[in-house]
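Both complexes below contain subunit A, partnered by subunit B and then by subunit C.
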Partner chain A sequence: MTDLDVAKAQARAPRLPGDRPAPVPALEVSDLVVEFGTGESATRVVNGIGFSIAPGESFALVGESGSGKSITAASILGLLPDDARIASGSIRLGGDELVGLGSNALRSYRGARVGMVFQNPLASLDPSFKVGNQLREIIRIHRPDVRRARQEQIAREWLGHVGIADAPRVLAAYPHELSGGMRQRVMIAIASLSQPALLIADEPTTALDAVIQKQILDLLRSVIAETGSSLLIITHDFGVVSYVANRVAVMKEGRLVEQGPRASVLSAPREQYTRTLIDAVPEIGTRFALERAGQPRRLGVRAGTSSCAAPEDAAAVAIGAEAVSAEGEHTASAPIPAPPILTADRVRKEFVVGGIGTGQSKRSFLAVDEVSLEIRRGEVFGLIGESGSGKSTFARLAGGLLPVSGGAVDFAGAPLSALKGRSLRALRPRFQYVFQDATSSLNPRVTVGEQIVRPVVRFGKARSVREGRARASEVLDLVGLPASYFERYPHELSGGQRQRIGIARALALEPELLILDEPTSALDVSTQATILNLLLDLRERLDLTYLFIGHNLAVIEFVCDRIGVLEAGRLVDVFDAPDLFSPERSAVTRSLLGAILPIERSATTLLRGSSADMSPSL
Partner chain B sequence: MGTLKHIGWRLANILPVLLIVSVLTFLIGRLTPGDPIQGQYARTFTPEQIEAIRDSYGLNLPLWQQYVKWVADLFVAGGGKSIVQDAPVFDVLWPNFLNTIVLTVAGVLICAVVGITIGTIAGANHRRAADRFSMLFVQVGSNLSVYWFGLILIWIFALQLKWLPVSGMQSRNGGGFGDLLAHLILPGISAALISMLVLARFTRIGIVQESHSDYYKTFQSQGAGRFSLLGKHVGRNILPPVVNIIGLEIGTLLTGVLFVESVFNWPGIGTQLLNAVNGKDYPLIQGGVVLIALVYLVVNLVTDIAVDALNPRLKR
Partner chain C sequence: MSVLQRPAGEAVAALSGPGREPGSGRGRSGRRRPRSRARVNTQVVIALALIAVFVLLAVFAPLIAPYDPVAGDASQKYLPVGSPGFLLGTDEQGRDILSRLIWGGRTSMLVSLIAVVASTLVGSALALTAGFANDRVAGLIMRSIDVMFAFPVIIAALAFAIILGPGLLVVVLAIVFVATPYVTRIVFAEVKRHRGREYVEAAVSLGAGFWSILFREVLPNVAGHIVVYATGLVGAMIVFSSSISALGIGVQPPAADWGRMISEGAKVIISGNVTVALLPGLVVLVVALAFNWLGDGLNDVFDPHKRRSRS
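For the complex of A and B:
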């Protein structure tokens, strides 16, 4: 019986009250209130929530950023930030009350009874010590009696458990020498080596690629099956919920909106909010289902529902409504022989590291290896690959942000990669970038309006600052933000709003091509949906061409007309979106396809119209 | 192997700096207005005698030849002859230079120990009373001037409490190492004050930042104690910036020492250079500047090598 079977069996067999004495829950949270600050100014971030997790159960706590889900997880072991505190309520771990315990008493529960895996594997190991040292330290905490040789052995065994084959190399490595997925495996080993009764995973895969995400989730499932731990997984993605959880609780603004078994929440959510979150997950085939149903291609727009708005910003509502009322969508996936706007001809990019003054020997690696492709005017071209496949490097080459090492890039007939200085600058307003990290791509000390105006004036798109301001309020309107946002600073905006500013800044120059480098990878699934809808909407209104870089095939398939797949710098596959399932697809494409976490709805979903076609068997 | 290569590279980097320093030092001496031989003694000399003196010191040669001769003198002739004291410059400077180094080392030790301690107390008690109090002390202390602070220390500890000597390096009737230490405390603290507070700030910020890092949470969630979290993980991760700051602050501290010497009547190179400037004794000034520049370079070199050695990304 595999771990999956165990999970299924547990989901299938609910314990009936009175059947036998109910086992003590692994975790029981009741009426929990967490506040930031004290007295009058205190703000409640967790407001009276309660749930319980049975032994061996996988429980998902779902919500958008700011919903209080991570604070809930942190409060269990008393790991709240300095200015936050548990105001009232109870947290019982296997029957022991944890609220009110001093930090010394809590310490005996940390690690030993509850293990935690955090979101960012790149930062959750100490960068200054070797992995082996860190593992041994943790083994020493839990088993102070064992000798060093035995510690070493336990560490090696656990690396084996988490699927690391070359344990000696990993133990002798510093964290920076390991990939993100590898580090998350080490983290899982650290969290579970004391075989705790409860494993808390706080967005364990949000920072990872789709392919790695699935591996890590598989690993979590097998580890809890092996150790018999319960799992509390914090996530914003219903795809993850569908893949690992037995039961789900949905959190919004510090309160639980609803909770229940996975199947019933996924297939028949009682709350509109839950439905919005579920519908925000892009799924393979959704666009074609919508097409057949005569609906515009927007996430969250389902037959019978007109809401596509994520609750995060009301602006999305306006866009959604507009989208619905827009006249029939033109089918861009039909092969219209449009002229190419961007042509890459055997483009190479070699990076040289080391050399004089670095103490390292000089070596080079090929980030982009002879990539040739054509982006046609008016299409959305998707470029997908795992991290390190060279997709972001290619994006930079395509817009002349990096010089090519070989080959050529042409933009609308101009030899972009051969141009320099003034002539390259003259071309720049015609293609613009939107980056993944909306926060760091905005200047924190300049109002967002000013950041839109500056390039407009600089490139001569407006003759005066006043004209630039007029243009800025136009584009703010285009991206669904009120003109009053002009005077705000980036930190006053939410992640989704910041990305809208990033898009507005690009659009202000009236570009023909937008290069979107993972524009939604850092966002919640619900925010991602509003941004994707916005991008689709803008493309129709403004006749834009997109080069869309991503690592999630479901997103790429939903947005793009043609898709290119990169692996280790090489373009291994190019195809039209409808041909995704064609047998000619490369192994890489198929592994990306296999990494998608579809939302498994039960049969009742079939009654809900077009969504029946949305979960193809993979 | 990489490490040795790296150190070699750092050493090689020093050569151009040395060249620039030597040229600048040389020019400082030659381009400043005033002439040692036109001072008050000159009135008693005939023009022929003055010419002879100028010739004997090479002051009539073209500038570049003077430079070459000067550099050569640094190596073979003890930095040339002091105009006022009629002895090789380095022979004149050396004993006082050692005294300055003694005071500087004492200052650096006080700076490192007290600075890191204050910073650790503040950082480990972030936003609590101990932190607020330490930072108040740091705020106030940063605004004191070295002169004033030194005098206040003398007044309190030497004149009122009579715990420590007022000035100088040794008691009149001599005395051993203990006597030296007693003389070192007040000037050491005065010289270290500003750098110590800078270091305290950096240590505090480093501890606060590292305590909010993800790896801290990892070990905290595994039940690691506060001592091991602060001592091992935070300590190791703030070590490179702390070493860097200490290295930078040694320079500041050395500048402070030159002033402190005059307050505490410490027989160091600072006092000597002050006299040399008054007497327009170019060779002595230049020799002193070269010595101090060498200290800066060595400190920077050692700091760079230490910081590199602490960076796991530069290993293997």
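For the complex of A and C:
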């Protein structure tokens, strides 16, 4: 801790001579312009933005993909891609101008005075070196004076700081041997052990599930409080903003739309764009608020209507939402339960790992452990759990993509898990699968139209390619894409458009059941909102049943009628969506509920919110 | 920096209902396309032009070659490049090097092209089967490939020669024997990589059968790799064929063959006659380069990321 104290003193020590100098911002960006390419073909991705971060402050840069927020962060440390450059503007770090510095000069700032935490720690940790080696390497660079034994000690200390109790095991492990949350903790240790004046975190929790996300954000808050660093956090998630930031800037197409203190931006955004983004986030209770207001259950529609619904709603969450569950009782009035379309009876799935030739002893683990559930025709069944809980494995079992190890899955009376080959294939058009990652689930070398037509022709839903094309343009229209997209390749589409193609491809076979495996978790909030709205529309128009897999309880609660909770392969809880707050809920459900980061819209929630222990030492 | 690849701006305005999103892949990523496309084209065009020249020379060798490639005049040996009547000089037996190069292209290119195409087809088929078959079949195929790797090729070639008698077919078979394991391993790794991709799982879910997945889903994705690797093999195999011929079981002297010209020329380098080996070496280099460029260019043509959208 002595190291820390010294650093804290250094970090807060005034850098300029004089009696009482005005506090120098930790980071000051002004009129920054970043361009791709040169000359006439140059594209401006960052267009004259400016902001400043005071020492110790947490500043969030919010925007959708393509808004230029990551490029802004990358330009600070000179980490821009080869074909991008800073065209004009200034970036001052604690008073030192960084624009125009050569890469050697910049390197002396990287790590030492600016730490960086990336979205994907598996990609930013070197896969070939043990965590301990990587930590010691960083310590050696920043503290060349300390001895080897002391390096080891500092590494352990820092793993302790980032909440890793079992330091020796982690130091001796390779990155792939650690969980996503652990890796991000190691990344944070690496980024902050030199006690930099500024910590940049680029979507640090986007790849993590809700429970781990909250732990990592807690950690970031405590680390900057301890080291006195400022934090620049890049995110698209207003829940994250609410939880960590003092001030917020909203970015759109390379420009800052608005910036200001968190409370005012979130509760009273001046710009319509900000409001739209905030309203696109599903929150617990939104659906009931909409129902009360007599509105269809769609995201973002609230924007134009009575604005009083929102704060009420947020308050309900904070209080514990007796109001909501009371509300729920008379809305959840499914008269007669519809017949089941999918039945899982004590389904088990065992994976065998290791064995001959892998250098590991053979062992097996249960990914899905005796799960029994029924999905009724016409309902939206949500299946939620942390990563590794077996929810995707169960979805694949239900979708006939993996054989079961035990138990049985029945689809509309047919023994799905017992079928093989031709008879299984004949059943496939009746249930379809929509994958989490639309990018990897579309064949990169086949046009999207062809990918829709192939199965249609295969199952005789169209007798000719011409008829198949007609069907394809029909479903493209259903998902809101023009028929001209037929000839495009997947890489020519945006993430949201790709997911629409994934849905269209499944719908073209006129399925009765859609299995949606986290269909929006890789998407921006506003794209997520459009896709969720689309799914809700389609269900009404086409009379579909959904099995909706997710890790975000707010999304699941918004979309689903009934919810199942998985933990370590076991189904621990099944309930109607309105009963989410009922006292019989399991501990797992409650921890998922506790991991939700509500958007703090009003002054009251701000006061009672989690801001009490926040770090602002301003 | 995934942000860079994604087009800007999902529609925010169309939050309710199935809105239409603006933006397309032709935005930012389309910017650099024209230039790279021009580069691809020139590369392929130059490669094809070079290959065409050598093929035409080989096909019309009897008409073009100034001299008989096998008839030498001992009094004219080791003439330097540019000697009157002998543009590229003569070799140790007084044979015209230009004529031998023109005639040699016939055997060298024919043999290596046939052999490379054959080993690519065989290797790719083995790799695709192994990549999608069950563990037992995959193990059988890949372990057999390991044995082929370990087996001394000279012994295999001698065996072919004993069965078939020396000649071009022995060279072709020897090349297939050498190249197939490499092709199989490279393609197998690619197929394995793609097999785990979600689009294959999606195809299963969409009812695609085994062969459909193999040939319509996965093959288009690995075809580029196969082409690049195969075209890269051509040059190496021209040189390799000479070592088979040098054993006396391939191309029989005095017939002209680039590989043989290099290996025989190498014996007289020590006496200061460099060009006898150097010239065929340069020709092989140019032909190999042309095939490499062709493969690179074709890979880009196969890749829709580098193709212009048709819409």
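The working rule: the second predicted complex is superposed on the first by the 547 of 618 C-alpha atoms of A that agree within 3 Å, B and C clash if a C-alpha of one lies under 4 Å from a C-alpha of the other, contacts with A are read in each partner's own complex, and residues count from 1 in each chain.
The definition used in the following text is that a residue touches a chain if its C-beta (ideal position, glycine included) is under 8 Å from a C-beta of that chain, and two chains touch if they have at least 3 such contacts.
As the structure is a computational prediction, the values presented were derived from the model and not from experiment.
After superposition onto subunit A, the modelled positions of subunit B and subunit C overlap sterically.
Of the two partner chains placed by superposition, only subunit B is touched by A:S128; subunit C is not. With both structures placed on the common chain, the touch criterion links A:D576 to neither subunit B nor subunit C.
When the two structures are aligned on the shared chain, A:E540 is found in touch with neither subunit B nor subunit C. Within the superposed three-chain model, A:S108 lies in touch with subunit B and out of touch with subunit C [touch as defined at top].
Within the superposed three-chain arrangement, the count of touched residues of subunit A is higher for C, of the candidates subunit B and subunit C. Look at A:Y174: by the touch rule set out above, it reaches subunit B but stays clear of subunit C.
Contact with subunit B, but none with subunit C, is seen for A:I190 once the two complexes are overlaid on the shared chain. Of the two partner chains placed by superposition, only subunit B is touched by A:E137; subunit C is not. In the superposed pair of complexes, A:S494 makes contact with subunit C only, with no contact to subunit B. Within the three-chain superposition, the subunit B stretch that clashes with subunit C turns out to be 152-160, the only such case among 44-52, 62-70, 116-124 or 152-160.
Within subunit A, not a single residue is touched by subunit B in the first complex and by subunit C in the second. Interface residues of subunit A, counted against subunit C in their complex, comprise 36-37, 41, 43, 45, 64-71, 74, 81, 83, 252-253, 273, 276-277, 279-280, 298-301, 303, 396, 399-401, 425, 428-429, 432-433, 435, 437, 440-447, 454-455, 458-459, 478-482, 484-489, 491-497, 502, 505-506, 509, 523-524, 526-527, 529-530, 533-534, 537.
Residues of subunit B touching subunit A in their complex: 2-3, 5-6, 9, 126-127, 213-215, 217-225, 228, 232-233, 236-237, 308, 312-315. Only residues 77, 79, 82, 107-112, 114-116, 118, 120, 123-129, 134, 137-138, 141-142, 174, 176, 187, 190-191, 356-357, 359-360 of subunit A touch subunit B when the two sit together in their complex. Listing the residues of subunit C that touch subunit A in their complex gives 1-21, 23-26, 28-29, 31-32, 197-199, 201-209, 212, 216-217, 220-221, 302-305, 307, 309-311.
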